[in-house]
Structure formats: C-alpha cells, structure tokens
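Note that the chains take the letters A, B and C in the order they are written out, and that residue 1 is the start of every chain.
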C-alpha cells in the first residue's frame, strides 16, 4: 500500500529551482533511499514532505489524504516523523524529556493542556524508546552535553515516540565517525519492516546497501529510480556524483 | 508597618517576574515591554475604582484587558524574528505609556490618585500574599505540564517542536496571554496598594528591571525569578542608596550576566 | 501654508533628519556586520554629547566640542566592541541585544550620576537666521552631515574597507575565507559608527542647546525606528529614512501641535513597517 505520494512537486527560491516536477512514491514497510550530490534538492524535498516548506506546484498525499498545505505539527500528529540534517535537540531539556515532548502530542489539544508531562506511563514508554536506541543510561543528562552521535540517536528515539507511519531521516550519518555510523545503522536496520522510512544520505557507500529501493536526484529532478544496485550503476547517477568528485 | 510595605512590594515583583518567566523563561519569547501590561492592569483598576466600581471586578477586568493586549502582542510575535520581536515589545511599551500620557481619562502626567485600597491595611497584604501563592502554584503547575513542556520545546528549537506535533504558533500566543494577564493582575494590586499611579511608573526602565531580575535569577525555573525579585527588589527597597543607583546597577548587571553567564538563560544560545 | 513656513519646516525637518541619519547610520553599519542591534550606540551618542559639552565648558568652540565628542564616542565604542560584542559573537543575537540594552541604560544613568539630572546648555552657536528662515545651527548641522556622509561614501565605495564591509555583511564566513580581516574591519566600523554618533550627540546638544542624561533615550528608539524603516542592514536606506522621518515629524508637529506627540510618528511608522513590511520601506528583499 502507498504510504506517501508526492506528485509534480516544484519549489523555487527566488531564481533558483530547488525541486522540479518531482514524483515520489513510498510503499508501506520499505526503506527508501534518496541520494544525490549536494544541492540536488533532497533536503528541500524532505521539507516539502514534512511541511516545513510549501511547494509552488504539486501535491503531497499521505495515505490518500492530501496534506500539501498542512502545517508541520499537524503532519507530525498524523504520523510523519523526521530527523534533521543539523541535529535539533532540545538542548536544555534532559534526554528523557526530549523523548517525552513527542509523547505529549496527543494531549496537546486545546489551549491549556495542564496534565503532567512526566506521568509514569509516559516515562516508561520514553525509557523503552531510549533503550531501543541505547541511550537509557543517559536519560537524566541534558541533551546539550551529549556528543553528536548520541544526539542523532536521540532524534531517532524522539521520532519513534510519535509512533510514526513514516519516518524521514535527513542525513542521519552526517558528522559521525565510522563506529557511530555503524551503531546508528544498526538501530535503523532494527526498524526495518515495521516502520516505513525514507533516508537521505550523502554517505552512499554505507547507506545504499540497507535500502530496499533507491531514488537519485540531481539539480532538483529525479534522475533514476529502482533497485539500489541498478541506481548505483545508472550512468546519469555516476555522472552527477563524479561531477562532485564523489565515488558512488 | 514598613516591613509589610516592603513585603507587599516584593510580592508584586514576584508575580511580575514569574509572569514574565512564562513568556521569556519558559517559552523563550523576549518581552522587553512587560511593564506595559503591569500598567494596563493598574490603570484599569485606577480608572474603574475611582469611578465607583468595586475592586474585585475591576481587578479581574484589568487582568483580562491586559491579556487581551497580550493576545495582540502574541499574534504580532508570530510574524517577527527574535530581535525584531524585542524591538516591537519595546515599541509597545512606549506606545502604551504614551497612551497613558495623552489619552483622556488617564489623568495625563499626573496619573490617577486616590485609588481605594480594599480590605484595609491588614487585609490587603493578605490578598497580595494569596495572589502571589496562587501565581506560584499556577507557575509550577504549568511548568510541569504538557503546556510547559511544549513551551520549553519551542524555546529550544521551533522546528523540532513542530516536528513532534507542537503547534508552535498557538502556544506562543498562549504564553503571551497568560503572562500578560498575570502582569495585569499584579498591576491592579499595585494600583490599589499604592493609591497613586503615573505613566512613568510603567515605562521601559521597569521592563529592563524585570528582565534583569529574571535573567540574573535564572530563567525558566521557579526560584530564579523569585530570587531575582526578592534579592534585587529587596535591595532597592531596603537601601535608598541602591535605589538612587538602581538603573545603572540593573543595567550593568544585565550586561554582565549576558556577557559572562548567558547559559541557561535562553534556550537558543550558541 | 506659505513659502516661509514651508521652508522653515523643511529646514528644521532636514536638520533633525540629518541628526537621525547620523545616529542611525552607525547602528545599521554594525548590524550589517554583526547581526546585532547595538542599542548601546545611543549611550555612545550621549557620552559624546557630554564630552562635547565638557570641551565647551573648558573654553573650546564648536570645533573642539565636535572633536571631543567624536573622540570620546570612538573610545567608548571600541571599548564596547572589544569587551562586549566580540566575545559574544557565536551566540544568539538576543544575548547581545539584552546586554546592549543594559549597557545603554547603565551609561545613561551613569551620566546622570556624574553630571546631575539637569540639562546643561551648549550655546556654541548663536541661533540667528542666516539664509531666509534657515538658522545657523540648521545650516551647520546639515552641512556637517553632508560633509561626513560624503567622506563615508568615499570610504564605502573607494576603499578596500568599504568593499570588505559589504562582503562581511553579505556572508561573513566567505569574507573571512577570502582574506578580509574581520576583527580589524569590525573595529573600524565601530570606530566610524561611534564617531558619527558622537558628532551627532554634540550637534544635537548645539541644536537644541541642551545636554541631559536621558538624551540618548529618544534617539535610541528613533534610531531603531529609522533603521527598521530604512531596512535593517541597508546603510543608505537608513540615511534616507532618517531624513524622511525628520521631515515627516516636523510636518506632524506643525499640523497637530501638542495633541499628538512627535515620538508617536516614529513608533507608529515602525510598528506598521514591522507588521507589514519588515524588510523596510526602501529595500527590495526580505532580510534574514
């Protein structure tokens, strides 16, 4: 079944066309990889799906419901979670509280939600999520004191707390060393099959093998789509990356 | 009794700093015009009670009117980036004081005098104390609630808060409405307590003082703003010497805190 | 409205507007480089005014007063850049803004403590009229402003300093990467901004024949309004906006008299611009 469909998405910034006529389909349970050199429009596409940006043309449909003009928080509540290329942790809050923020969203109806945010039920759920990503031991620490690798995992835990139907991961391996990357990939692989994921990643070597399907972009357009090995060998893809000096 | 006077004044400062803390400490929205809402509450009570309306309804109306203006400012804050917002709040403070100076019924530069104090000299301080305790209770309840968590998350990262389902716009407005409404209530108490109010009592220097109290004490916590109110406020009250140098001291304090210990004050730092 | 009144209004408006432009220009310059609103700039302005007054008290004429004012302002401005703004550069602009406001309040109050809360007069120029309804002070103010901005224009367009400033304002990282010496150019910007403010302070003291501790207050807010109107980060937009505001205020005072405070014009305009066109009246693209 189709979880997400993006049709003919176009986004311009002044004279620059960041995304042009992009069609994307995400099926339930798959791990879709989105690749492309810098400036290809991958993060912009993510922002269009998560709601941070609105498209100039085209539409975004989630489980058959058009969400093109819905604000990000409404999309989050419908089950679209995302991580950020530049980690956006709640620095002054503890690791546990970071996850609790995502568990509160159902109670955030109305203007004065005054229920306690750390009710025992929620704490348990939060701790479980932290255990899944291996951060349970640091639950009480302030997020700003954590190294980047752990913050990336925290973002994943926070996203999972939304019980998302679609998880968007924006360059999760960015800035991580080899060991941290492997650890994070382990966490993501454990989610495979249960959670539908779209992964944007610059580190093609490590990310491509874990994907069920791949889409390649360049200069705002989709240039290849299909099985990872096929996309990897696609001549246009190789050229796009070679133009950047990257080996794919 | 002098001690009671000082204590009452400190309690009013406490309500003011806690109310500012909701907006700036918890929700991270800079308000450099908080004194204006204090003034709105004070003037509503001043005008109404000197025209025969009893204190209780006048007081509530004062809070509501202040909250109403807070709603306006909150809506404005949705369109403005942080430093622009700070400027807008300053401008707002000035516009409000100018309104007190120039509009009819507010007494111009002489302000309003002869504001009656309900409950007498023994009872009124108790009302102030009760209000302060009520505000403390509400502050703590909010801070531990989903609302408080939503505020703190949007303070730390608006984009991440949106991504976890927090309606950032709605809760920014809520912070302003609640914070300014409480400041209005403080204003009503102040008007009745002191009996005479003038436009310059609610000017930008007071807003700076309040921000200094919250910033120095430690934003976002309970004891931070309270400590700021009691220590800085108490200082000024107890020592006339300090009172004369109040502005230069608060100004320097603010500058020094920002220069050397801004961490933990506002979430979006660094 | 007859020719006499009109030209009197224009003269006053231009003079006052020139003073706004001088003060606000530095604010925009610093904002362009640091992305911080240097509210303490108004404190520098007031300090300069007092320095000029002291020079006058010591027997100096207009020239010495201006020199003293500019010198004192530059010293204070550079001190603030070195002690306060530079160390805070990585942080949220709010930190610097709040601290800057604290500094401004502190400087103003310090002037009150040192020199008393009363006005002091600065009768360096006789207020007689020179050309038609234009008075000597007005002429001096406008001439001085024009001269100074001519110099500034020269610096901005013909020197590496000016080019460097534009580069830093566009993209500080890139500028540093191509070799623009950020710290030194920032210091020079502060020096220029402060010098202009100091001169403005002295000229204001001369024009209204008074210096007083809170004289920085109104220019502070008006300079903010001017900067917002002209577009944050657009120095020449600021100049234009300053002149415009001066003229509009003069007209407003003439029309409304005491029923509407002239400050109201600035604030009203500022709030409207903030709400509906935050990039300012005179710039094309939204800033930041």
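Going forward, contacts are C-beta pairs under 8 Å (C-beta built on N, C-alpha and C of every residue); 3 or more make two chains touch, one makes a residue touch a chain.
Just so it is clear, the structure is predicted and the values come from calculations on it, not from any experiment.
Enquirer: Using only the chains other than chain B, in their current positions, what clusters of touching chains do you get?
Expert: Excluding chain B but keeping the rest fixed, the chains that touch end up grouped as A | C.
Enquirer: Identify the chain whose mean C-alpha position lies nearest to the mean of all protein C-alpha atoms shown.
Expert: B
Enquirer: Could you find the chain whose CA centre sits the greatest distance from that of chain C?
Expert: A
Enquirer: Would you mind pulling out the distance in Å between where the CA atoms of chain B average out and where those of chain C do?
Expert: It comes to 31 Å between the two C-alpha centres.
Enquirer: Approximately how many whole Å separate the CA-defined centres of chain A and chain B?
Expert: Once rounded, the distance between the two centres reads 40 Å.
Enquirer: Calculate how many whole Å lie between the centre of chain A and the centre of chain C, each centre taken as the average of the chain's C-alpha atoms.
Expert: 48
Enquirer: Considering only the defined contacts, which chain C positions touch chain B in the complex?
Expert: Residues in contact with chain B: 36-37, 83-84, 87-88, 90-110, 113, 221, 224-225, 228, 259-261, 263-264, 267-268, 270-271, 274-275, 278, 288.
Enquirer: Show which residues of chain B lie in contact with chain A when the two form their complex.
Expert: 141-142, 144-150, 152-153, 155-157, 159-168, 170, 174, 220, 264, 267
Enquirer: Mind pulling up the chain A residues that touch chain B in the complex?
Expert: Listed in rising order, the residues are 50-52, 71-73, 76-77, 81-82, 84, 88-93, 97, 100-102, 104-105, 107-108, 111-118, 158-159, 161-162.
Enquirer: Name, in rising order, each residue of chain B that touches chain C in their complex.
Expert: Touching chain C: residues 30, 32, 76, 79-84, 86-88, 90-92, 94-95, 98, 101-102, 205, 208, 211-212, 215, 245, 247-248, 250-259, 262, 265-266, 268-270 of chain B.
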